[in-house]
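Structure first, commentary second.
For reference, chains read A, B and C in written order, and residue numbers begin at 1 within each chain.
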Amino acid sequence: MKSSPTSPTILSLLDFQNLNSAQIFSFIQTALDLKKRQAQAGRFLEKQTILGTGALLFFEPSTRTRFSFETACIRAGVAPLIMDNLAGSSLEKGESIEDTILNLEAMGPLFFVVRCSDQTELREISEKLKTPVINAGWGKKSHPTQALLDATTLFERWGDLRDKNILFVGDVLHSRVFSSHVELSKILGYRLGYCAPTEFGLGEFESLKAGIKSFDQIRHALEWADAVITLRVQKERHDSISGATNEDYRQRYGLNLERAKLLKPSAVILHPGPINYGVEIEKNLLKDSRSVILQLVENGVFIREVLIKSIISGEI
Amino acid sequence: MKSSPTSPTILSLLDFQNLNSAQIFSFIQTALDLKKRQAQAGRFLEKQTILGTGALLFFEPSTRTRFSFETACIRAGVAPLIMDNLAGSSLEKGESIEDTILNLEAMGPLFFVVRCSDQTELREISEKLKTPVINAGWGKKSHPTQALLDATTLFERWGDLRDKNILFVGDVLHSRVFSSHVELSKILGYRLGYCAPTEFGLGEFESLKAGIKSFDQIRHALEWADAVITLRVQKERHDSISGATNEDYRQRYGLNLERAKLLKPSAVILHPGPINYGVEIEKNLLKDSRSVILQLVENGVFIREVLIKSIISGEI
Amino acid sequence: MKSSPTSPTILSLLDFQNLNSAQIFSFIQTALDLKKRQAQAGRFLEKQTILGTGALLFFEPSTRTRFSFETACIRAGVAPLIMDNLAGSSLEKGESIEDTILNLEAMGPLFFVVRCSDQTELREISEKLKTPVINAGWGKKSHPTQALLDATTLFERWGDLRDKNILFVGDVLHSRVFSSHVELSKILGYRLGYCAPTEFGLGEFESLKAGIKSFDQIRHALEWADAVITLRVQKERHDSISGATNEDYRQRYGLNLERAKLLKPSAVILHPGPINYGVEIEKNLLKDSRSVILQLVENGVFIREVLIKSIISGEI
């Protein structure tokens, strides 16, 4: 939909469809280079000017993703304009998200960062814009920058991603991070597997079709994994759909010191946060040298900085 | 009240009383020049430094006006400090708006931008300050920058405003945009007319006194107009005061493709937004080449940038 | 707890324990120098670049303290990232304040500014960080920058603080400003006294032990004072604890023109704001040349700017 032979397309980052493996590895490498340079600069910025504004629209709340994009903006020389307080917005007067975004576009931001629900027609909206849109979490559909920061962190550890086994534990069916990894894994060449309660898995047929390994036993899953991403248990959803309690979940799927012994010594443990300690993951496991929870957050800023710079300069 | 022979006055933009036609046309011309230069610069800023802070106080919520002023600040080299979340404010502890503003003034902003209700004594407050205040929408009283962005957009189309007929359709009695146009039209030399349900008009006598044309029939009004500004129907108010439904309104006053044929080919269609599609204006009319909805928003940033720069440099 | 012989400590400003009198007087002097230079620069900033980000976390709401720190950040060349809207935060998903802060640290802010409740283990959290934390009001425990801005303002008046008598009128028992003054007075060498309803005083024994003068009679207290800090009456607390009404309080402790005559001509009247006019202090007393309410606010920005610059440069 977004490309046509006659007109150059306005490129947004709603998903990875405009990007190939070489481009993505180049973003990852650039992010890791920036991180090194930043460490030498003692956390001060290299770039100290303001090129323009970026419009950060959070139609669904988030602290950490908003802060990450705000920080990335400032590092990229962009002044972030934030909308995250719906009470103070024209949406209350019945304006649609599309109208809000079209109006804000007329104010000349260099790009949009948008978090919204599944109901928002973000693709249709972005196709009406001349301004690029970066997806910062779109309902249960996708969250490409989160998948990219996972990939960046694993690449940082391994120097490669090809043929690695990445295991998800938890509710993959409703996980936008998982969805984005399904897409990214095909481009970058890593394998996905999951271990989840039946009602939160893809189902045997869907898994096979997508080339994703499905594990019944957490033990087999962990032995297979080069990295494990433990998904947050969303209490409300679990209680209402499955009737399972946190305690059931912890016993069957919770990652703990004992189970972590099944992982390879070189394995990496990830969690997108915020964490329910003692449910999907045991607190003292975070001190394990294989855990990279805060490195994910750190790398998230650098990969977003790279994406913003690329979008501003028209490279994406 | 604001000028005295002995002391130079601190000049705020609460209304147009300090400004003459030459000054305002100069602001408009400068805004349109900035727009041209910006288009050449590919949306990057010319000015990349920070001169100081501007305090943007929204005692009543607004997304688009806040974003517009924020963008204008950043383009003018000013870091905007925002207060728009009353839940997080000292006002909850019973502090008055006057005390809040006096306190914030002591922190040295270069200017204030204030949106507030009719009840706020904004003029009295501004007279106690040494810091200029820009009115960003004052209850039903006035909204001078909105009138200026209309004027800028019409000037951009026509190269002049004198002797032009500008028609308002809708609730002029409660419209701060209309009030500001009444004031601005006298300075810039354009004529105003309106067509509205009786309970939302000025009344025969008031209209005559103010030199404003009142139309009973939308058809006659549209034939007269060089530009038409369709006001937003504020549902709550309509229902409670007039008992009229949106459907009644649409039938009697709504602008649609059929009625738009009555307008001159050179006429311009404006709406301050957010729009109730299908009530005061039909959605597909926005694609008419005579409609300038998003240009208004775009020009709004440039005229506000010019006002901010003038206020900072002491020109206003 | 924060210093060890083997590792250099990360220095935060939770209280004054890392600071000696020479350092604090140097901060005060630098703040007053900045103020002079700023006055000459016509409120424009000297520094127009952005060195990095500062994370301003308001787990309890505040307008004026937030604005003061935001302004100080921008003057120090730091882009402030604000979290003050708990509705839009990960805290809603059950994340602890500690986890939130650890996550935000991974995004590389140069420092934190934190306002939080007594329940927050701010010291324990800060000891887990490599990033300095500035206390912006910690429950009823402490508010060091507020004590510093009082001290800065009094130093500006007197050129010294040693052996001066500083009187608090009001609820010292629950006042974080008073607590911070108890600590600061020992370092800078001024004396404290208070006059308060019994249930809001320290008690005879505690006062003696701490070397703080306790006055039964407001008249004797005012005669003793070189400066008087009138604390805000927190209505809810007064009503529920003491049964006393605002009118009782005003009659026994309220500072008015009559009582102000008991103060020395050189005395200084302070109030941390927001003010309940006619309860703890009479409105027209603010016009008395001895009142410094807004100077406190003004100096607050400069002392915070100095602290931020010192923390960034590693001087604290």
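Going forward, a contact is a pair of C-beta atoms (placed from the backbone, for glycine too) under 8 Å apart; a residue touches a chain by one contact, two chains touch by 3 or more.
Keep in mind that this is a model prediction, so the values were computed, not measured.
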On C-alpha atoms only, rotate subunit A onto subunit C and read off the angle in steps of 5 degrees. 120
Could you label the subunit A-subunit B interface same or different, taking same to mean over half of its residue numbers are used by both chains? different
Rounded to the nearest Å, the gap separating the Cα centres of subunit A and subunit B is 40
Which residues does subunit A have that touch at least 2 chains other than itself? 49-50, 85
Which positions of subunit C touch subunit A when the two form their complex? 49-53, 55, 77, 79, 81, 83, 85, 87-95, 99-100, 102-110
In the complex, subunit A residues that touch subunit C: 38, 43-45, 48-50, 58, 61-64, 66-68, 70-71, 74, 84-85, 232, 273-276, 294-295, 297-298, 300-301
